[in-house]
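For reference, the structures are reproduced in the following blocks.
Two complexes come next, and they have one chain in common, subunit A, joined by subunit B in the first and subunit C in the second.
So, the complex of A and B:
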């Protein structure tokens, strides 16, 4: 099979996206309520953050605004998984009912086609919220702002987002073996909440686990160090883009492995 | 006595719940990971506060409070909103309505089997583990009785809120959106994520008047208080009782009114 160019995929994505948005718009009330629900989640997250940390000048050497920076960073880097890979939540139903087979017969990349089918607009609210938090804390800490730093932020945000995408792909793909992957997905979903805390609060054992086994420290902590503590950047921070790419690639292979061994429900 | 028909539902629920062992196991892993994170997080918070007692709560108090809140969550999360929302959307609600039992009671007792399973497999082990780990920081005495009474009322209040929220699904096509809003509000304002004692004073006085505080904050404060004075005891339990009665009435009334609005697709 001839490999399709990136431009081809881009064009196709736009078309599929338009269809998805049209179908979402036909359930307008649901769309509006879900969006409000999402905003609620973000506001409540922010309020709990504020209640917890407002009265302490610093936690473990992290000032309030630095913690806020981590929080904003995690919100932004968790946006792509929310917006672009939301169909992972439905994977188990497709596999269970046998509808998944329809994806196997398209002459385009299976993974791409499956994920492109759903775009979750609700995630954009979180994106705006995260950017706002980042800008606010950026000003309060008094960080420099140069094109180079902006470039760094963007690169690190994108690669950080790959970590959560990778975790979710892997969790969703377990349904090819255990059928109901909801609990695995839900478990992974809970981990994303922990990404906003600096990894230094944990003891060495859990520091290791959250860095290498369940790599949530790469969602906000390690990449943020590049911006927050430019004088003292650990090697892991520089390596975090690489980690993002490697984890994403591994999860893609795992997902595809499950998908290719899928042989329908027989009906 | 008519209790027998309800207990049959309880029994069915127990058998059903015991079928899903893998999901239960993953739930436990998820809860453990959450407990690890809050342990280290609050340790860091207490370390940076410089004092042993923050807002009248020691580190042990806070930990017991949050750990048991997580264990209680197993009781409180009844998925009523999903159950009702799906029944209304699919039309299955018609079958529930013609049953010779009030739907509000029917749904409650259907779930009651999970209470039993949850109590023996999550709550009790957690409670004993907490007692051992904190080395007797949980006072054992009459407060356990108050706690038990308080939890029963908390479950009833929570169920009324769930039932009320589920009824909203009669009017909207959105289950996810409605449910997430309810969940966010309940978890934050009930003190399940952060003990209410940590809330800023102005906010706390408002939140304490709301029904949500009766769900987690009331039973847990009663449990931690080894020698409550009769005023606070009466106030907490009285408040719970008032909410219990009024929320039951409100949710009943709302359902009664909404029942006329249900439209079910034929076919």
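So, the complex of A and C:
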């Protein structure tokens, strides 16, 4: 049998997505409440950010609006992981109860099949919020708006997303080996909060950790440098798209390795 | 009849941690781990032809699930060969998945939030079922079960029976060569059980699909299977026709009689008259287990009637369930 093409997977995904959204909308109260909750989460996040910067107009040479740019950038780059890979949060439960086995019997990619099952619509609000913040800070900083810079932003947003997805995949996949993988996942989830800040504010140890061990510095900091500090771009910034792809590929391999050695519980 | 499944001497071993007892024991386990090897499936061989329905039986923990997982490609055998529809399942899991259907009685594989018809459409795309086949399959379903009320209902709102029915329909949708059914009637009421048995039977007849059925319900076995395979502790105990099974322990029938007087006391007396047979009594009946190879039931009854009058009697065939239980408990001699 021939390998299934990317188009094949896109078509399947589109159908599952359409059905999923349709069924979610049919639970109206649920839909409205989660939308409101999402708005509040974002507003609260922004307020705490704003309070912090009223006290410190600049951090380590980063102005308020530059920090806002970083903030918006991280919100947008977190959208794909939120929307498309949210089922990773349930992976642990599926594995623990043995329900994961149901994903093993379809003639399509296991990783794809598992992730396609859930689309978290709440992520879209975060996306809108992030884009708003990004546009606003862009204006305030007075950045140019050229096709090249737009291209850069898009490439680096994708890069950042890939890294975030990779981190979450890897963290979620630990449940194939350990019982309490929730803490691993939660740890990564909490760490990503630090992605909003320029890495230079941390001490060298954390700087090293956030660059090479849990590479959250690639989520917003290194990519933003390309846009915000065009005169002095470290090599790591240019390498970050490559890092993104490599991290994503590694995390996928790790996830699949766990999934294929999975053998379920008795029944 | 071509063989669709060929299994030759497969064995599956698991490494299991020998856990120590108590808190201190758990602490020790952290540092020195002591594994033992458990053989879940031990040197099993069998072949299954296209279109057969095979009852795959065994007590809990016998190794049934492990065998099924090896046939579906989820597990790799430790040793031995396994071919399902010409594929080595664990080496070519995706290709194997295209040829098989799987139903776990208690675990729906359908999209929880979607109505059944939408699940069917997605499955049509995943398995790349030609439009013609898809349509004719739906027509077949319509002729077999009352599918209309199910089609537009989200799976999460279905009753367990409806869900199982839907899962079975979904498993057959891409016209697989083999369908594995793991306890499909577990937890269902009598009428739903019979509906599901009829459906499985009809689909097997219509599509010549091979069905491997694990169950603890002998009703399923009696209704569907001509051949049964029994395993216990990983070893094959029995692989033959179901008729053959009933003669397995000799051709036993149980003669039940009611006589005047205390049944317990009377049964003792009768036991004395019939030393070759097993006589027992409960509150209502005296039971005499008759080995028909040795004596005819009618002669036994005659002998009993010589010295007392029998008020009532009935004759019980040994059921599949009893035979299976005997095999589980005593093994095969």
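The criterion applied here is as follows: the second predicted complex is superposed on the first by the 261 of 267 C-alpha atoms of A that agree within 3 Å, B and C clash if a C-alpha of one lies under 4 Å from a C-alpha of the other, contacts with A are read in each partner's own complex, and residues count from 1 in each chain.
Note that a residue touches a chain if its C-beta (ideal position, glycine included) is under 8 Å from a C-beta of that chain, and two chains touch if they have at least 3 such contacts.
Note that the coordinates shown come from a computational prediction; the quantities given were computed from them, not determined experimentally.
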- Check the residue A:12 against both partner chains and state whether it touches subunit B (first), subunit C (second), both, or neither. second
- For A:151, select first, second, both or neither according to whether it touches subunit B, subunit C, the two together, or no partner. neither
- Message: Just to be sure I read the superposition right, which of the two partners does A:239 touch: subunit B = first, subunit C = second, or both, or neither?
- Response: neither
- Query: Is A:21 touching the first partner subunit B, the second partner subunit C, both, or neither of them?
  - Reply: neither
- In the superposed arrangement, does A:117 touch subunit B (first), subunit C (second), both or neither? second
- Query: Once the shared chain is lined up, is A:30 touching subunit B (first), subunit C (second), both, or neither of them?
  - Reply: first
- On subunit A, which partner's contacts cover more residues, subunit B's or subunit C's? B
- Task: Find the residues of subunit A that appear in the contact set with subunit B and again in the contact set with subunit C.
- Result: none
- Any idea which subunit A residues touch subunit C in the complex? 1, 11-12, 15-16, 19-20, 23-24, 98-99, 101-102, 104-108, 117, 262-264, 266-267
- Show which residues of subunit B lie in contact with subunit A when the two form their complex. 22-23, 26-27, 29-30, 33-34, 36-37, 40-41, 43-45, 47-49, 172-174, 176-181, 184-185, 187-188, 193-194, 198-200, 203
- Task: Spell out the residues on subunit C that touch subunit A in their complex, using ranges where they run on.
- Result: 60-61, 65, 69, 72-75, 93-95, 97-98, 100, 102, 104, 106-109, 111, 113-114, 118, 121-122, 125-127, 154, 182-183
- Where on subunit A is subunit B touching in the complex? 27, 29-30, 33-38, 40-41, 44, 47-48, 51-54, 56-60, 178, 180, 182-184, 186-187, 190-191, 194, 197, 201-203, 206
